[in-house]
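Structures follow.
Two complexes are shown next, each including chain A; its partner changes from chain B in the first to chain C in the second.
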Partner chain A sequence: MTTAQNVLPRAAGSWRESARAWIRSGGALPFLLLAPSVILMLTVIAYPIVTGFYYSFTDGSLLKFGRFIGLDNYTELLVSRDFHRAVVFSLVFAAANVAGCYLLGLGLALLMNQEVPGRAFFRVALLLPWIVPSIVSIVSWRWMMADDRALFNQIIGFFGGSPIFFLSDEHWATVAVIVIKIWRSFPFMMLSLLAALQGIDRTLYEAAEIDGATRWQAFRHVTMPQIANISIVLGLLMTIWSVNDFDTPWLLTQGGPANATENLVLLAYRYTFGRNDVGLGSATSFVTLIILMGLVVVMLRRQKGADR
Partner chain B sequence: MTIFSQLRQRGAARYLASIAAGALIGLSTLSASAQQPVTLNFWDMIWGPPEYIDAAKGLVDQFNTEHPEIKVEYRSVPWNNWYQTFVTAIGAGTAPDVSTGAGYQAVQLYDLGAIRPVDDLVEEMKASGDLDDFLPGTVDTLRYDDHYVALPWGLDIRVWFYRKDLLEAAGIAVPTNWQELRDAAKALTKDGKYGVVASGDTGGSHYIYNAILNNGGGLFTADRKLDLKSERNVEALQYLAGMAADGSVSPASVGYNSDDRRGAFTRGEAAFMLDGPGAIDQAGDQAANIGIVPPLAGPHGDKGTIFWVNNIMVYQQTQHPEEVKTFLKWWSKNQKELWTKGRSGQLPTRASIAADPYFTGSPSRSYVLENYVPTGKTTATQAEGIFPALNEVEGEGVMQTLVQEIWQGKDLGASLDTAEQRLRGILGE
Partner chain C sequence: MNRAPTAVQRWRRFAVLLVIVLLINFPIILMGLNSLQTTQQLMASRSLWPEMPTLANYFYLSERTNFWRFLTNSMIVSGGATLFGLVAASFAGYALSRYRGRFLTGFSRSLFVVQMFPIILALIPLFILFRNLGLINNPLSVIIVYTVVHLPFATWMARAFFDTIPRELEEAALVDGCSRFGAFIRIVLPLSGPGLAAIAIFSFLFSYNEFFVANVFLKDESTMTLPVGITMFMQQYSTDWGSLMAAATVTVIPTFILFLGIQKYITYGAVSGGVKG
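Now for the complex of A and B:
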């Protein structure tokens, strides 16, 4: 009589044999080689994400593990005025930064792609905002705009204007944070676009010239299509970096005045470390992640469209 | 072969001598292990300039010399991520035996079951009369859940400062009450200078605490319920809003942090500022131009300001509670050098240390100790003692936003409604 007891050892035996055969044939080698990276990735990426996701359903603090409270943190977040304001600021900040960086970066890349005197010097000099540590550059910006005696107000006063308290007014503070972020980020955009511009086949421009294209038409129909893909990738990266930017608003305004420059990352930080509410902070982080993923999907679709 | 036959063969005397020698060696080992000092880990936050750490290490060395049976190992802990530092250590079972810490750390960690109350030490000090050496109210501030969760060692307090040169030039007397301060600030706002400079950060929120406590108000009721919109509190906030409406508060205050505020005051750009007692020491060559405003009388004659009782606490994880108690008692009595050598920015909580020439010889320090400290109240006022939620109340940023909106001249009623709603959320009311 055939019983489960009789069958199972045989099945296990055949499984072991086929596994051994697979290892002997070298089929396991790629997995073994990949294993350290996979384990590392799981440890440093997957584990924090999974635990963070779990925390977002609890009411824990930095001191105590919380109890499971379902979607309470998410519902609290979605009705919170702080959250609405942070979402709006994050999107405005990201959109303005991507647009500003792209226009400035592309303009300077086109300029640096020409035979201009001192080109090598300018190429290096224009990278400085990207190279200088954020604490140094942002604190310097603060000094230049902190009050009515600061440099910018001296210049405004020289031209007869009244002082502007950049960090005391919601609108000016928002402008200041965006301008400084653009200033810190455009070199990366410029460098990448310059590399893309230098990769464009010169014969395309010669053909356009022969066809009687103006410089604008050559830019519109040769340059732009050639850098479309890299532009979308750069836009994608810049969006992610803008939404996730902590340094610029924190060091310049700490999210003020009156929370006007508080983005989602600062909000998550405030909830977690200020309010000591790890659940709400984690929920904020996950909503930020979802918003970013949505933006990434939209941009990747646009890239597919550009490819076609 | 038995030991007896060996004794017979080789001679009993030789073996007895060997046994005696072995016993002696064994006993001397035991005696050596008994003399091995107990090791205590002491984590101390950085409470002053770099010389503070040297002074604290020097004190620990002195304790170790005087107590060969205990070896205290000193570790200086930076304020950055202090919360995570302690919580991680507790979670990993590597908490120190004893530490100093942030104002509400002891009650927060006590709630986690990580703090060992010092009731027995306080009782001993009470019996010996040593407890009377502490400034009034400082020990009881650290009573929580019917236990003394820590021992006080330092005071931080907010004090109004004024620029002597600006007041003298304008012929204005040093104010003694709210109305005089408001009038003086308004009169001194001219020629690009302002009556008051403040900030929009945590240091800015201290203007709110100072005002409401000065007016006899408080954030809480006696049973720890939020009382932000009490009559006295609203009156105090209206006073601050009034000064902003007068144009007396520097418009840059909203975006200033505490360093900016201190810098503007030290440069003589404003006549009045609220700050910690160390502000004059930090003013360099401008120190002589800075004076301390006497504790102001509010419209109802009340006086008061915000203060924090910083403390030293014992951890449940300690294996040597008696030795920790010995150290704590010694440290509490002998910590004078933290100021005289370490130049800590705190004020002492012991009258005996406050009586040292380092304090009595400094007009500003002695003035604050004599006149401001007795009026000091905690963030928990009107409730007694401190409790864990105060950390979130001070740290979440509600009061910073409120003070920014006051300096901006926004509608106080709307700002208060928002602040109250947020505070209730934090307190879970």
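Now for the complex of A and C:
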């Protein structure tokens, strides 16, 4: 019946009929299945991109629409010291986090890839820092570095050092934020690398052994090339997530002391919700998006180059 | 290096890993221990092990603070986001698993965009939009945003599960006169029960843990979720470490329980979906 309708369409203008036939024949199903997701993504992603882009050229506040002021927000950003510092901190934070997570994650993944009693338990136990809510991990770490008598300072004192004010010293606050971020995100790296290691063909190692390769040579020439691709993808994902991180710096230091741990997201947040400057906040978050896209392009290019 | 390791080697590895696990989880363990001491005890002795364990912090939390309110809000928000996410992700995951075409490729790519999207960029216009719609301090605002933030992960996981279900089952249903959508609802979905459960727990876990979005949209204390509510403790009762530790410890318990339920599925979404595409 449906085929008859399709072969002999009614007169032009009865598009409703043909739409109904399309739905009945099942051709519309993939689009209908995607509809809820597409509508949600249009609301939460597409609409804000367009509106936010417009806001970044205005001087509006959260309470009233602003006037169009051209590129003023962007030029203000480019000469602002806060912005320079935020860009540098975002990049340092991301680089340190990716490097730290990779070393820790790969080391633990190699350890977990061996035969060891209770492996299932260890796998779960090592993932805990990753699944604990951000607020919980920050509360627990804060206690250990809160003041001059906190645990870390007791340990430092035991070895004869003078107390470090982790949260009020600019350099130590930066270190603290990075260490906690590594602690919170290395399990994802470990888990993914472990999956990659387990996917490596065992016969490659047997062949290497027959050729007389040492353990290090087997690692260097069999393991590393096999996990190179996934490493790049993981590095990319982690870079993006680090640049986008709000919780770790905000909950630990609120960007302080003296804005030393303020990344681009915190800066955009402060401009928008602290200074009530929607234009400048939107411009800052657009620059964040552009930096992220730049990083993605550069890293994908390097990956292509490595493949050749 | 393929020779079977001796028992000594295996147990040495076990010991090394055990020490690493204890060191890495030390902040969480310490938090649990600290929650059994009052703030005065904590400030006075600073001992790691509670000498006189007490549940005083927990009673205080339950009777004198908004803790239960925060927990209820968290459940409403996470439950809502899970429900929305489950419908959207299972539909989209099924479409990605069974159909090909330009529209689907485009959709697949936009999931990657969502995955890397700086959420702050969305929050500014959405804050203004939601304020005009009266949705600030309304769980719906957070639920909608969570659904989208978790959509890529949930969709890739759903797709991976649907890929394992043979198409022949649906074709048989079609021959029997079932519509394609009917085949999806009556044949495929019931067979993917464990997969859907894993996706649901994931979405719930993500939403329950989330801080940033909730912090922007839920300003009134009566609407706050647990992570945002706990920051109120930090400000109001700035020196009350005992209650803070107790609140954080109770918060983490549902997370642990849910996580145990899905830990074996994690690689599904994280690696097979998210990384391979």
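Keep in mind that, in the parts below, the second predicted complex is superposed on the first by the 266 of 308 C-alpha atoms of A that agree within 3 Å, B and C clash if a C-alpha of one lies under 4 Å from a C-alpha of the other, contacts with A are read in each partner's own complex, and residues count from 1 in each chain.
Heads up, the rule we're going with is that a residue touches a chain if its C-beta (ideal position, glycine included) is under 8 Å from a C-beta of that chain, and two chains touch if they have at least 3 such contacts.
The structure presented is a predicted model; accordingly, all values stated were derived computationally and were not measured.
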Partner chain(s) touched by A:L197 [first = chain B, second = chain C, both, neither]: neither
Partner chain in contact with A:V179 - chain B first, chain C second, else both or neither: neither
Which of chain B and chain C A:Y205 touches, first, second, both or neither: second
Touched partner set for A:L91, first chain B, second chain C, both or neither: neither
Partner chain(s) touched by A:I156 [first = chain B, second = chain C, both, neither]: neither
First, second, both or neither for A:L167, with chain B first and chain C second: first
Touched partner set for A:L110, first chain B, second chain C, both or neither: neither
Between chain B and chain C, more extensive residue contact with chain A: C
Which of chain B and chain C A:L62 touches, first, second, both or neither: both
Partner chain(s) touched by A:F273 [first = chain B, second = chain C, both, neither]: both
Intersection of the chain A residues that touch chain B with those that touch chain C: 62, 149, 273
Residue ranges of chain C in contact with chain A within the complex: 1-2, 4-5, 10-11, 13-14, 16-18, 20-21, 24-25, 27-28, 30-31, 34, 46, 48, 84, 87-89, 91-92, 94-95, 98-99, 101, 103-104, 107, 110, 113-129, 131, 144-145, 147-149, 151, 155, 179-181, 205, 208-209, 211-212, 216, 226-227, 230-231, 234, 241, 244-245, 248, 251-252, 255-256, 259-260, 263, 266-267, 270-271, 274-275
For the chain A and chain C complex, residues of the former touching the latter: 26, 29-38, 40-41, 43-45, 47-49, 51-52, 55, 62, 108, 111-112, 114-118, 122-129, 131-137, 139-141, 143-144, 149-151, 154, 183, 188, 191-192, 195-196, 202, 205-206, 209, 215, 218, 230, 233-234, 237, 240, 243-244, 246-247, 250-251, 265, 268-269, 272-273, 278, 281-282, 285-286, 288-289, 292, 296
Of chain A, residues touching chain B in the complex: 62-64, 81-82, 142, 146-149, 165-169, 173, 253-259, 270, 273-277
Complex interface listing, chain B residues touching chain A: 83-84, 87, 108-109, 111-112, 192, 200-201, 250-257, 260, 264, 269, 391-392, 395-397, 400-401, 404-405, 407-408, 410, 418, 422, 426
